[in-house]
Every structure is written in structure tokens, then in C-alpha cells.
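Have a look at the structure below before the remarks.
Labels run A, B, C and D following the written order; every chain starts at residue 1.
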Amino acid sequence: MLLDANDCQLVLVDYQARLMPAIAHGEQVLERARRLVALARLFEVPVWGTEQVPDKLGPMPPELRQACRQVLPKAAFDASDTPLLRLLQPAAAPAGNARSLPKHLRKPPEPTRATVLLAGCEAHVCVLQTAMTLLEHDELEVVVVSDACGSRRDRDRDAAFDRLAAEGVVLVTVEMVGFEWLRSARDPRLAQVLAELK
Amino acid sequence: MLLDANDCQLVLVDYQARLMPAIAHGEQVLERARRLVALARLFEVPVWGTEQVPDKLGPMPPELRQACRQVLPKAAFDASDTPLLRLLQPAAAPAGNARSLPKHLRKPPEPTRATVLLAGCEAHVCVLQTAMTLLEHDELEVVVVSDACGSRRDRDRDAAFDRLAAEGVVLVTVEMVGFEWLRSARDPRLAQVLAELK
Amino acid sequence: MLLDANDCQLVLVDYQARLMPAIAHGEQVLERARRLVALARLFEVPVWGTEQVPDKLGPMPPELRQACRQVLPKAAFDASDTPLLRLLQPAAAPAGNARSLPKHLRKPPEPTRATVLLAGCEAHVCVLQTAMTLLEHDELEVVVVSDACGSRRDRDRDAAFDRLAAEGVVLVTVEMVGFEWLRSARDPRLAQVLAELK
Amino acid sequence: MLLDANDCQLVLVDYQARLMPAIAHGEQVLERARRLVALARLFEVPVWGTEQVPDKLGPMPPELRQACRQVLPKAAFDASDTPLLRLLQPAAAPAGNARSLPKHLRKPPEPTRATVLLAGCEAHVCVLQTAMTLLEHDELEVVVVSDACGSRRDRDRDAAFDRLAAEGVVLVTVEMVGFEWLRSARDPRLAQVLAELK
């Protein structure tokens, strides 16, 4: 299955100021995340963010933070104690009151974008635990953008990718995302995509 | 499943003059492509080619281009907006008029060669997107010749191979192709195969 | 499936005094084992140990040995000729007499902790053979903690991991274990987990 | 599934005098093959051999050759044009005349050893093609002893292992074989196995 920009959402996991310096190849990971966010803006893909105990680990970098529709603080490593799932699946969780409105006044639920891209740190902790939770929702396709993920130790990161792949998560790179969202060199956004990816 | 020369077709993807210098180990990739094409000629395996926006990226090298029955220009990264699928599956897409001919005048449809080998650049963009599209056609077996594929970054290439394998694509090398098409050292083409592969 | 501390048991396989000096990166493997044991203590995860022909290969290091509820000497490379399975599955193997007691006096069987984590040496001999035996018990989830396992040759170790993964064993690292047992930064054991893993 | 010496047969593929010098790490591959053969002798595992166009590539080394019940010359890369399958499956292919004998005179067919271990060169040609052919026989378990296999280029060898694993072949190392055939340190053959593997 190729990625379709109109069916995708992106979750940026814990790219935080006091965590990133400890991540192996942290600068490179952040740079890939910036490109991913630029692509998401270009293709109008919704971006959500999470921050792990932000009072301790600090905020995400401003350029990533500003791209997020909402940034969810969290304490659990996976995102199950935040409203993330409700944000990802608005149609599946309609507001209770909506049903009492006359039909012509009800806003049709936004169709769920069923492909959820995850990127962030640490690959083997918060990214992995969030991916595993999302996998239990059969209606979602869980994709991890591997080169925009990092761990303090490469061995943990690589073991995370192997475990995720074995569980059925699709592993992609930022470049795959860009060229699958674009699909054609005739798309007017080609020049911008190439500028982001070179 | 071993490769059977009589059931194979080969698609050369975007080995173009202004793309190849940017590919990691580009010279080596081209050299593998040349051997693959020599093998295809020897075993009378049909070869098709694609060129991505050829006005910008230039043509394939002449020795690859001349081996192709047809070279399809394209703008989409995957081959779905070219006639490629119709070329690969002549039996599945008979000309509409054929049915009105008297039976004895109808040319029997050429049986489809159901194994489609892909090789080219970039592994994680055009090769991957084309392979994913072909995979949706259950009657085709999709094979990627890994050592004749390249990307600008090795990491993207390797991630492409992992993703393709996870989706069910068979990954082979040029040498595997040569010796599976040959099958036996008694085949009179042995000397030529060995000359191509040494 | 994420690891749940309340459903886990840990088996330490043959970390023995006269075996470990022959293991590639043996000191590092032992250090990972020590962390794993500290995590097990913190989360009250039962720990069992095995010692291969201890009269010849010596005992486990005291700090690992003391963490074990029981240490089983063995001669077979897999654990099938020890009482290990009965220890892992107390509910599945109730004492014969229990049924003759009046119902209100019977102790309810301890529910089985169905996730069995294995760590030890050699990865491709005793760990692999024990994992393969446990895999035949469908009610158990078999997990191998890869960075706490070693072999004399890395190639044998890596081949063991590939074979185990192909058979359906889940491969994790010590850090994954710690953060999955913890689940949340709000857990009061956070500081201790971080101290063990840094 | 662990290997059981009583259910195994070993096929040595094309370890020939004029091929081995071209194999990457050829000496090491041969040394692993010698150990494998010593283990087979110790556990009375039948050994068969194949030689690819022996008039051109020469014979196997004598110490391997002498271990074989039969050495089959061949021209095809896979073993399908030799009597190999009939040798591997005597019960499945009883001599036609046997049925006409009175029952008490008929020799009961030797039960098939259903696990076929393959080792040899080149990994991506003759070993791979033979393994793929054997895989079509559902009653056989196909195992490749990876560290006793070689190719001229490591990349072809590694691609062969990946493809074989994807097809369902079990990949093991010589050490795994030794310790699975042995199973227990109480087996009187322990000292000999350790001598072969150290």
C-alpha cells in the first residue's frame, strides 16, 4: 500500500529539548523531522504532537511545535492516556450531543484519515509503545518513519524497527513519504518537495 | 518459486543520464543493469523501459534503451499512468475489435508472462511505487533485482528492500536471474551466461 | 503486544562463571543481565535460573543467583528435563491431592504469568533450544531479551535471533523491558528504572 | 522445531576443487563443512553429495567425499535431474517389484528422514535452487546450514539467505546443528562434539 496524502495524519513524538541531545545522531533525526513537517504542511496533512513530561524534558523545537494542530502533554510512554486517539479518529468518536440536533444542522463527521505516521524519540520506548497501541485499532494503518526516529543507543532503535516490522507496522523513510504524497512530477509541488528532500 | 525465463518480463526503470550520477554506487548499478539486459537478450525475455520526465532527466544509456521493445515516458513515479500494464498483460487486455472478427481470423492472445522483474532507480521511489502497484495484480509475480537498483542514499535503498520484502515482493540478484534462467550447465548458453556474470 | 510486568516471568539461562569468559562481549552481556534482574526485583517479576552442568561450568554470579526463586541444574541444553515448565505454569499443573480437599480449603491456583522472558548464554544453544520448547506451549508468549544474550561467536548469536524471530519469538532489549514494565513517568519507580538503565 | 539427528539427512552441494578457490571466505566455508560432516558421522546422519559437472569443476575434497553414501554428478543447478529425491525419500518411492513379493518377504520401507540439511556452494545458485525444489515437497523440512555455504560475492550469498528465509527455509549454523543433535551434556558424544566445534 502506497501512502496517500489525503489519508494520512502525522504524530510527532517527544522531539524535546532536553531529550534530543542524548539521542544518537540526534541532529540528523531532528533535521529529518523538520523535512517531514515541511512536507506535511505542503500536502495539508494534519500534524499532532506529544511531549513527554514537558516540565522536565522541555518543549519540542518551535518549528516542529508550530506545525502541530495540538500538542498533547503526557506521562505515559504510549499515548493511550491522552486524547490522541480521539483526535486521530473524530468520526469514530462523535460528540454525544450531536445526535440530538436536527439532521440538517449536524456537521457530517470528518472522515478518518486512517494512515497514521509516527516519528520521534525514543524509537524503542514512546514511538514503539504508541505504535503497538495504535496497531490494536484495526481500522488504522500504522506507519513509522524510520529515519526521523532515534534512540539513545542504535541497538535499541534497530531492535525497535525489527519488532515493529514483525508486528505488521510499515517502515518508511522521509523520502518515501515525500514522493508517495507527491506521486507525480507533474504535481505543482514538485519543486518544493525536491527542495525539502535534497 | 524459481524464475523461469519463459514466464519473465523485465522492466528497466529510469536509468537516466542525469539521474545516475546522483545514485550511490551508480556505476556499479548501471553495470549490473547491462548484464541483466544481456541475459534478457540471450533468453529472449521481453524488456520494457520507463523514463521519468525524459526532457529533464535525459534518456537511458543507449545500450539499455536499444534492448527495450518500448520505452515509456512518464511523469508519475509509479507506472500506472503509462500503458505499461497493458504491455505486460496483453491477454488480459485484448483489443475491443478483436471479438467482431470471425474466429479463424483472430490472433490468439499472447499468453501473459506473469513474472515481472523490476530494476532501476530510485529503489525507494519509482521502483518501489511501481512494484506496489503491480502487487495489486494478483496474477503477476513481482520480483525486484536488488543489485541492479540504486538510490541516492543507501539507507533509502535498504529501507525500500525491507518494505518490498515485507509486502511479498521477491528480491533477487542479477546472478540469481542468470542461473535460474539457465537452469543447467548443459544449456548451450552457459558460456555466454558465465561471460556476462564474471 | 507490549510487556505487562504482572504477566511476566524471567528465566536466566546459564550465565555461568566458566562459560561467560568465552562469550563475545561477555562483560557487556552480564551487565545487561544485572540490569534486567534489578528491573525484575523492582517490578516483582519472578525470576528463575538454570545452570548447565554446574559442577563443570560453575555457578551463576551471586548477584544473579540471589535474584532467583529457584536455580535448576540441568544437563540438557533445553530446559525440558528440569521442573522449569511446572514452575512457569503452576495453574496448569496443580498438585494431585488438591482435588480431594473440601472446596473452601483449596488454595486457588496462582494464575500463570504467560509471558516468559529468556536471557542468557549461549544464544544459539541453550537459549534457542529452551525458547523452541516453550514455543510449543501455545498458552505462553516467548520473549528473548537480545542484548542480555551472548554466544561465543557473534555470527551464531545473530543467526539464533533470526531463527527465533522467524519462529514467532518476540525479541526485545533490556530498555524495552524496563519502559514497558514502567509504562508511565508517573510511576513512582521511574527514578529507579532510569538509574538502572542509564 | 529443533533438529533431531534421527530425522535428519545432509546433502553436501558442490564443494568442488575448482570452485572453492573462487568462493569468498572459501577456506572457512570448507572448514565448517568438515565439522558438519564429522558431526554427521558421529550421529549416524546419512550424507549425500552432489558434484556440478565434475569433469570441469573437479571432485569434492576427499574427506567430504568419503563421508557420502553416494555422490551424484549433475549438470542442472538444482538437483531435480539426479536421483537425489529418490534417495532422500526411499519410502515414498518403493521399488515397483516389492508389491509382488509375499508380505513376509517384503522389507519394510526405511522411514523417510524428513529434515534435509543443505550446505554448499554457491549459496545463491545450486544451494538455493535445490532448496526451492525441495520446498515443493511438503513432507520435507528444508534447512540450510548458513555458515557452511558460500558464494563468490557475499552480497549474492546474503541475498540468497534472505530469499530462502522468506520462502520458509530454516537457516541454522553448524554449531546449532551440533548442539541440537546432541541435546544433552550427558550424551556420551559430548566430548567429540565439543572437539569438533571448538
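Some points to look at:
We take it that contacts are C-beta pairs under 8 Å (C-beta built on N, C-alpha and C of every residue); 3 or more make two chains touch, one makes a residue touch a chain.
Owing to the predicted nature of the structure, the values given are computational and were not obtained by experimental measurement.
For chain C, the chain whose average C-alpha position is most distant is B. In this structure chain A contacts its sequence twin chain C using mostly different residue numbers, the overlap staying below half.
Per-chain CA centroids place chain A at a distance of 48 Å from chain D. Centre-to-centre separation between chain C and chain D, using Cα means, comes to 34 Å.
A ring topology is adopted by the chain contact network, closed into one cycle in which each chain touches exactly two others. All chain pairs that touch, listed by label, are A-B, A-C, B-D, C-D. Per the touch definition, chain A reaches chain C in the complex via residues 52-53, 56, 75-78, 81, 124-125, 128-129, 132-133, 151, 153, 155-156, 159-160, 162-163, 166.
Chain D makes touch with chain C in their complex at residues 1-2, 146-147, 165, 170-173, 175-176, 179-180, 182-186.
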